[in-house]
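One chain, subunit A, links the two complexes that follow: it is found with subunit B in the first and with subunit C in the second.
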Partner chain A sequence: MAQKVPIKTTAKMKELMGFYYMMAKAAESDPEQKIAWITSGGPVEILHAAGVIPVYPENVAAMSGTLKISDEICAVAEEQGFSRDLCSYARTDIGSVLSGKGPIMGMPSPKPDFLVCCNNICGTVTKWYEELQRIFNVPLIFIDAPFQYGVKDRPEAIDYMEAQLRRMIDQVSEIVGKRFDWDKFMDTLQLSDRAVKLWREIQDLLRHRPAPMNSFDTFIHLAPIVTLRGTQGCIEYYETLKAEMLERIEQGIGTLENEEYRLGWDNLAIWYKIKFLSERFSQHNAALVVSTYTRSFCYQAEDRDPSNPIRAMSADYLAGYINHGLDFRERELWQMVQDFSLDGIVMHSNRSCRAYSFGQYELARAMEEKYGVPVLLIEADQNDTRMWSDEQVGNRIDAFMERISAKKR
Partner chain B sequence: MSVEISELLKPFYQVFEDLYRFAKDAKTDGEKVAGYFCTYSPQELLHSAGYFPVRVIGGLGATPLADQWLQPFACSFAKSALQAGLSGDFSFLDLVMFSHTCDTMQNLAEIWRRRVSGLEVVIVSTPNLTEGDIPLNYLMKELERVKEELERISKVQITEDRLLKSIEVYERHRSNMKSLYALRRKNPSALNGEDMFAIVMSSFLMKKEAHNEMLENLIQSLKALPVKDVDKPKVLVGGSVCQVQGFIEAIESAGAFVCDDDLCMGSRSYVLPPIYDGNPTEILARMYLSRVPCPAFHKPGHDPASYLLDRVVSSGAKGVVFLQTKFCDPYAFNYPHLRRTLEKEGIRTLLIEVEQNQPVSEAFKTRISAFLETLQ
Partner chain C sequence: MRSIYFLGLDIGSATAKAVLINEKRDICSWAVIPTGGRLLEAGEKVRRDALEIVGRVDEVHVEAVVSTGYGRELVRDKTRSVTEITCHAKGAHELMKDVRFVIDIGGQDSKAILLSKDGLVERFEMNDKCAAGTGRFLEVMSRVLNIPLEEIGDIAVNSGEFAKISSTCTVFAESEVISLLAQGVDIPKIVSGLCKAVSERVYGLASRVGVTPPIMLTGGVAKNRGVVYWLSKLIGSEIRIPENPQIVGAYGAALIGAESYLNLSIK
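Moving on, here comes the complex of A and B:
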């Protein structure tokens, strides 16, 4: 196998994220600079507009997972009575707070002045942030994004979101002690909108054969859209990445030397096994070219009205893949199969994430039986390595790829 | 216990012979029966649309059919309910109602809707934020929508008058259940935990009108009893769902007295402030939001630990047994905080992980006995 051509922009991301975490860490000792911890699907634009630095415990937990320090950090939370069956991000984060250990130069995230929790990604964050509120004794702003069972989002739910976001603006203004800057907010929404569109465009470039990067790369390049959405730096970053992808396409540089098979990925990354998985699939000339996970950060509501930005924002924060029922998820998966010419789908049945994982068996059956798309289910966990076996998963991948190649022949 | 009271308690125990005997009888008599998944489902709407609402409870035993659709890390309540649904055990139901609570239930509703055939599925988007006017407005609109959906399915018009009558029946029932919980505080020896569990379970499975009558007769007789404490160590049982009859029984046969509970299949369904004025959907919305919240919900200003501590102190419990259903995230997240708070006040706790589809194990009994020794 020829040496993979590395993605140059990755170095820029390390710089960008490093700078962001240094700045956030420095803000910890500046009483004027407020810090908020926020869920990955939270309405961060309000924080940027109010000059608050957002910190994402999920991102920090994933960093711990990638650095393979999450098991020992989780154990600290478990000693305090948090069940091992609970989400490993939550255990990693709570354990990090309790132990003072973390991935940012060995330290945990900078302490929050307040918390923002939006349950559009799961109900676990509700409970996790309640615990953070008890630990730090700071205000918790909670945004309840009703799960959309149907394919079409309900206008009443958008009304409900809008009322909550407007209240959040008041709450945040009160906490920072400043009038809310609506102009800056509108600018932030535009920056966010541009970043989201860029992130989608970049992922759509992976439709090209050979794909200029793979899903394992997109897992890594996800950090800015999660943590810096709404900033100029985020846009510049993705513009650079997009330009590099276009260049790779032009030069015919693929993620694999010989891309034979194209696969989709469902659910969170398995952070501590990205390299293993990437190599194993590469051995079969299979590229993972799209994932519901990284696309979750670029969902925009179908009938959003851009002339009413806060309304559009309210609709967008309901619109994610994981905030929807199975008919919606099935539609999205099938669309992905068609758009990205997939030969199969890999579903990470993630012990940490009941919200994402329950229903996968049903979706897998629908993909196989209704659409003839082979599906591989991998039972694992996003951060907790203790259930993992290289050999077992490797064998299953090999068997799955044999099935796909037999089907294609 | 007097003969009279044990006679009065007998009918409550009938449900354990066959949980759905009353529902099936009603169905045979030509009535419509609706299953509901948790007590946040607006049963008053079902009732006023002419349904006999009964709570969905799973059975004991393996769940091979449900295992095809739910991963091994799904809670045993979801699995046992889905197993019953897929095996046709609920074929006597005309409709099943889900109310949005946790991640597992939301996806179970979806799997159920797509896989369990032969009955209508109605899903209520109950807000997970349960304080203030914003969720109140949302829930009122949602209940209006559900009302219309039920009217369409049942072809019964839910007039304001009809709905108010149903609310009255249910309010009377809640008030009776509340009286019973209060009575246990005043006179612990009046009713043990096993009896109370039978009353609670039957309340989900019998007609509210009949249950009201039974409750009122019972309360009257219990009130006449002399006030007497019990000489056994008193414990409170905490948890989420609790559908296995044997749990409470086993705790008491080990020598404890279960004087109170903080369970969703228990006091959390019934200990509510009185209803408010307003139009019927507003009454319902306010009532559901005023509840001691399901652990999956966020109610600003509500601290589950101080609420529990109050119950423990006012019931005179010496210890708390947590029946933690495996993979029930909302309760598992509360647990460390609950334990910390109670232990700071010198109240002993015991955590037992349970499966809602398995009978009481020997290990369960042993752990209870050991715990009781520490309470002496």
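Moving on, here comes the complex of A and C:
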């Protein structure tokens, strides 16, 4: 097999993320510089505008997963009574706080001056952040994003979000002790908007055959949009990545030597098994070309009004994939199948993420029966390797690919 | 003229199975032995056992060896390896052309496979995280009750009544059985309850795929009449059991070997 052509921009990401975490870590000892811990779907633009450094426990936990240190960190939380049935990100984060171990040069995240929790990604974050509030004894700003059961988001939910975001602006201003800089806020929203659009454009480039990179690559290149959304560095990074992808398309560089099958991925990455999964699917000439997970970080509300930025922002923070019911998710999956010419969908039934995994069987049934799209369910966990078995998952993947290739013949 | 044979090897967690077929796809010989933790050796032995039935091992002309089961990658000089899902579907379809649904209850996992009308895998589910709903569950219970595994099915069918086993976990069910014994509950009732518990678990798996008759039950547990009784009652449909339910996967593997050989020779 020909050597896979590595993605050059990856080196730049390591630099960018390394710098960000160094800066955040340095800020820990600067009393003037406020640090806030925030959930991945949180309205971070308000923090940037107020000069606060955001830190994402979910991203830090994912790094621990990738470095394969999450099990020992989770064990610390479990020893303190946090159930193994809890989300492994929550256990990794709390375990990291309790043990002082973490992925940033062996250290945990810099301590927060306050916390921002938005429940548009799950309900677990509510209790998780309350626990952090208890441990650190710092203010907790909570944004309650109503779950959207229908395909269309409810205007009163957007009103409710807007009221909360305006209140958050006041709360943050009070904590940092400065007047809120509305001009900087508007600039930040524009930077964020640009980054989100770039991230979507990059993922859309994977429609091309052969795909210039695969979903396992996008899992890695996800970090800047999660942690640096709203900064110039994030835009520059994705502009470079996009240019490289266009170049690869032009040169016909694919992620596989012989891309025979194209698959979609649903749910979080399995951080400690990215290499295993990538190799196993490659053996079957199958490229994963799109995922609901990485696309979750580029949702913008359908009928957002760009002339009213805070209202558009309120709508966007409701608009994510997992803040929606099954009709919405089915529509999105089917759209993905068509746009990316998928031969099947791989669903990671993720023990940690109920909000994401709930309903997957129903979605799988809809995909199979309504649209004739083969679906594979893999039982695993995003960060807890104890939920994983190479042999069992490998066997299912092999059987799934045998099924797809028999049908295609 | 020398006969050409095709060998299917199914190296499972509990037993290793070999099936030898000829060019006409007829089964010429088969063998089943306990795996006993040594997958490689079991594969070698069961292969020899099957070949010896048709002639001297080194003189039998095997054109293709297809392996399946958890130990499939360990089989030496295999033509290729194929998963149990595809092999069971293949074997079941060949045995009964109209079968649409295969339930395989093996030693360490169970599978439900929906077939298309022409025998291709439409959809499948596996239970491989939990011993409940597999042969292992009954094996553990046979030890607790001190009843040979082979007798469990008949005792269950003749019981008429069953004790309720509420736990679906093998470990908890074991303590539940011990407590039922302590309460003086009749052993046949407990045994019937255990067969029901396995069937309920498997029924849940099958329902996720969408049970579509005609149904075939394969794997070692298909020999247990108690499970067959409860499973068909839960599904509400007759369940067909092939003559040798344990070798369906190995048979499917042998067929895949024959098909790829014959396709190649046409080309």
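What to note about this one:
The rule is short, and it goes like this: the second predicted complex is superposed on the first by the 409 of 409 C-alpha atoms of A that agree within 3 Å, B and C clash if a C-alpha of one lies under 4 Å from a C-alpha of the other, contacts with A are read in each partner's own complex, and residues count from 1 in each chain.
Everything that follows uses one rule, which is that a contact is a pair of C-beta atoms (placed from the backbone, for glycine too) under 8 Å apart; a residue touches a chain by one contact, two chains touch by 3 or more.
These numbers come from a predicted model, not from an experiment.
Applying the stated contact rule after C-alpha superposition, one finds that A:E368 touches subunit C and leaves subunit B untouched.
Touch criterion met: A:Q392 reaches subunit C, while subunit B stays clear of it. By the touch criterion defined above, A:Q232 reaches neither subunit B nor subunit C. More residues of subunit A lie in contact with B than with the other chain of the pair subunit B and subunit C. When the two structures are aligned on the shared chain, A:Q251 is found in touch with neither subunit B nor subunit C.
Within the superposed three-chain model, A:R354 lies in touch with subunit B and out of touch with subunit C [touch as defined at top].
Using the contact criterion defined above for the overlaid structures, shared-chain residue A:Q338 touches neither subunit B nor subunit C, since it reaches no partner. Look at A:Y149: by the touch rule set out above, it reaches subunit B but stays clear of subunit C. Look at A:E379: by the touch rule set out above, it reaches both subunit B and subunit C. Subunit A uses residues 361, 379 to touch subunit B in one structure and subunit C in the other.
By the touch rule above, subunit C contacts subunit A in their complex via residues 70, 82-86, 109, 120-126, 128-129, 208, 210.
Listing the residues of subunit A that touch subunit C in their complex gives 361, 365, 368, 374, 377, 379, 389, 391-392, 395-396, 398-399, 402-403, 406-407.
Of all residues in subunit A, those touching subunit B in their complex are 80-83, 85-87, 90, 117, 119, 122-124, 126-128, 130-131, 134, 140, 142, 144, 146-147, 149, 154, 156-157, 159-160, 163-164, 167, 325-326, 349, 351, 354-355, 357-362, 379.
Subunit B makes touch with subunit A in their complex at residues 68-74, 100, 102-104, 106-111, 113-115, 123, 125, 127-129, 134-135, 137-138, 141-142, 145, 295-298, 300, 324, 326-327, 329-330, 332-337, 339-340, 351.
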